[in-house]
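Pasting a structure below so you can have a look.
Just so it is clear, A, B, C and D label the chains in written order, and each chain counts residues from 1 on its own.
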Amino acid sequence: MRILFVGDVMGEPGQEMLEQYLPLVKHKYRPQVTIVNGENATHGRGINERVYKKILKSGADIITMGNHTWDNREIHDFIDDAKKLIRPANFSAHKVPGKGYAIININQIKLAVLNLQGRVFMNPSDDPFAVAEKIITELQEKTDVIFVDFHAETTSEKEAFAWYFAGKVSAVLGTHTHVQTNDARILPGGTAFLSDVGFTGPYNGILGMKRENVIERFLNQMPTRFEVDETGPQTFSACLVDVNDSNGQAKRIETLQINPDHPWMD
Amino acid sequence: MRILFVGDVMGEPGQEMLEQYLPLVKHKYRPQVTIVNGENATHGRGINERVYKKILKSGADIITMGNHTWDNREIHDFIDDAKKLIRPANFSAHKVPGKGYAIININQIKLAVLNLQGRVFMNPSDDPFAVAEKIITELQEKTDVIFVDFHAETTSEKEAFAWYFAGKVSAVLGTHTHVQTNDARILPGGTAFLSDVGFTGPYNGILGMKRENVIERFLNQMPTRFEVDETGPQTFSACLVDVNDSNGQAKRIETLQINPDHPWMD
Amino acid sequence: MRILFVGDVMGEPGQEMLEQYLPLVKHKYRPQVTIVNGENATHGRGINERVYKKILKSGADIITMGNHTWDNREIHDFIDDAKKLIRPANFSAHKVPGKGYAIININQIKLAVLNLQGRVFMNPSDDPFAVAEKIITELQEKTDVIFVDFHAETTSEKEAFAWYFAGKVSAVLGTHTHVQTNDARILPGGTAFLSDVGFTGPYNGILGMKRENVIERFLNQMPTRFEVDETGPQTFSACLVDVNDSNGQAKRIETLQINPDHPWMD
Amino acid sequence: MRILFVGDVMGEPGQEMLEQYLPLVKHKYRPQVTIVNGENATHGRGINERVYKKILKSGADIITMGNHTWDNREIHDFIDDAKKLIRPANFSAHKVPGKGYAIININQIKLAVLNLQGRVFMNPSDDPFAVAEKIITELQEKTDVIFVDFHAETTSEKEAFAWYFAGKVSAVLGTHTHVQTNDARILPGGTAFLSDVGFTGPYNGILGMKRENVIERFLNQMPTRFEVDETGPQTFSACLVDVNDSNGQAKRIETLQINPDHPWMD
């Protein structure tokens, strides 16, 4: 099967990019399933039910999250019933709502999607290696096709994670830095890897936030309210992975960007 | 002029990649000047005089550094006389050897190369924005062509830095994460930008270090000695920037990788 | 002269402790000057003009700040005119309002009060050692009595700072951890030192915040709004330093606490 | 029973202080059991078998550790057989040697000693709250007297931990900062608490390390080798806790220091 993964959708601009380009990208590349990271979907911080439904309507099958999972309090209103939303599986086990993985059927094939968060330079969480090992072992009894969104800051943790699970999962695609990396490859054993898919939203902001605010904070270290940059051009960052359904091994990985420097071509 | 910038050269494998490919790359792309980040050149940690000279001999004109500058103590033996070596300019002013920028003449044109280090998730240093502003203002009286190696961890600090100095320097190219990003672009005012150039060294290690050691530390959080992975294939990561000599504005930026997934083609 | 220094005043409960006990403490110990850290004075985050004036009325001569300086936006309304308020002197020089030190006259003797912030495990700031060295050198031309509130997280940075400036200033008293340390001493050269003075506010909260909220965040790592604990008993944390006016050397340092475990005795 | 807890013993000077004062302290205060944190006992970094035995011979019954547990590689030679050594229980479960708690008999009463490490501003580890909850629940079936050495950096994590387990354990005493705090108290339910016991070793170093080296690093941010300060006076930092054997509730907590500012008095 072909999996399309879209990186962190950022606010209204990101939602609009999804609405506009997801149909075109699907029409051109024909993925069987579309996964979207939605941790920044509502005003750049978390996600509420309206936007959750909007992204599904735009064509997502599963929405993954990250360190911004709880930023929008409205998530508590719907996360228990949101079958298509997963958040990092290694969040604390102490009464934390939501779930860390989902299994969906794609033409008789089961696809497991697992979301995890790194620990280096991030808030404390349970050990992503240990938690993943446990869940992946369980999932392997149900399917060979396992897709991981590893939401992490450093390249070292992302590479270590991918190499450790190489041959055990179909893909480890990173998110969180909002910048697409140029290291897409198939690791031994058939695991597609990309350090970071990049994000989907304002192209001339800083990680999607208004430049002035972010720069001002770097200059004077005083608090400024970061807001999604609602003006200017947008970017769409994604990755396509082709998986051999019979054994779960990835055969091909390709990155995708749509923005003024990478204009869309049908 | 055309500038070639090669990302963090890692140990013997990285030195060998330079030796082998720098001549070929130069022959094919014809850069007028070659800048190499050498912070990991000697056994992955710092640089000594032998390797400094070897990299120059391989074809580098200027060597930049980063957070690993002082890791190899032999640097103190030659840094004061090393005209072609610069280290982050925003290191403390307190009796720190070395210099943060260099000016070289390329066919009658002065090229200033400036090295800086970020502060987010890195050891404390002087403010890179303030230090850069001061130095760039001085350099602008001497030349329009200013190249910056901004050695930093986070994409936010790199983007903020680049946008803040957009139109004031010819290029802001990032280093440190050892993973090439896919965001090369020309910012308004003619500033070439790339979050990270990537590194040059072992392709199947983790950031160039032996996988087993790094993975082990992630699994059990116990200290392991990281060593450069001396086996297996290598990668060469670089970036080419074309600058308009008359005004210092970048016209073109292109990334380059040589490794099993991106084989060299003459 | 005798200097009384009161640690981080926390919200309404802290203000009330000041109002109630500052007169009693002054009456008993007869300090010539009272310095109060007010970075948490308004609802635990920053300070506004009303509370600034209230603390002065309660008996403070100078108010120092820390990493929470800008948390309450109302500070911008009065900081430019607030002669008795100082904030860390090593905040960025880039258009940051306020000042980092103040000089006041105490019975014909000039007392300089300097506020600085550490860098380890704190937001980036200018180098506190370099900034302090510059300012202290200037201040020494005006007075021998220099008092430093060094607002920092780690004991190592606090001790290093104090030992480096030992013999150059009358006192280095730490703040920020909200827990009084038991290491008050006079360093060689006559510099009084205490890693942390502790805080003034709710005694049964966590650093003065409601326990339930803070514990909940440690248990599940989910965001909770921290609020000043407005119930239960209070604590008053302070330090007294006796300085020889003729040479600025500290002769004596003593900590002070008032709370259910250290009841006030006249 | 009366428990004596001695904070981080630092190198030769720390060992000597133990040898000299432990007998005197025991003679004066008559504790039934002595617990010593030994994470810095061998040259400031970890512990080897010779020093382990020496500290036991000086009078320790149990030795606890912290983030420096693995610094001295010789620990691997004896940790599996070291019945009186425990290391933080929340270290990764992945093939990590050693154990996190021990139970000893003191005059027919079982005393459980548990070692844990914090996560804020420290290397990643398993959740100390969750791990402690599980172990303490198990231990409570065997004894009411549970002593915890919580090795952590921040006062917030220490206070949150102590309040969360208040009434469930006899004592939560902190270590790691090497500076004794002045907040000893009995929390509701009979849990003795002290944020940090302080350390045992060189009194005029910085956290026990030679001042020059540590200060130099703060001044220029360049690597220096930290070494235990072997000259000058020493300090001995400890805490005494009286526990009601019948219900495990602490009745009294008192700190102890021996150094030039707190001379020993028989």
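Assume contacts are C-beta pairs under 8 Å (C-beta built on N, C-alpha and C of every residue); 3 or more make two chains touch, one makes a residue touch a chain.
None of these values were measured; they are calculated from a predicted model.
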Repeat of interface B-D, chosen from A-D, A-C or C-D - more than half of residue-number contact pairs shared: A-C
Interface numbering overlap (same over half, different under half) for subunit C and subunit D: same
Inter-chain centre distance, subunit B versus subunit C - centres from mean C-alpha coordinates, in Å: 43
Averaged-CA centre spacing for the pair subunit B and subunit A, given as whole angstrom: 29
Sites on subunit A at which at least two other chains make contact: 92, 94, 124, 129-130, 219
Pairwise touch network: line, ring, star, complete, or other: complete
Interface residues, subunit B side, partner subunit A - complex: 121, 129-130, 153-157, 159-161, 163-164, 177-185, 195-196, 198, 206-207, 211, 214-215, 218-219, 255, 257, 261
Contact footprint of subunit A on subunit C as seen in their complex: 70-71, 91-92, 94-96, 123-125, 219-223
Residues of subunit B defined as touching subunit C within the complex: 92-94, 119-120, 124, 126-127, 129-130
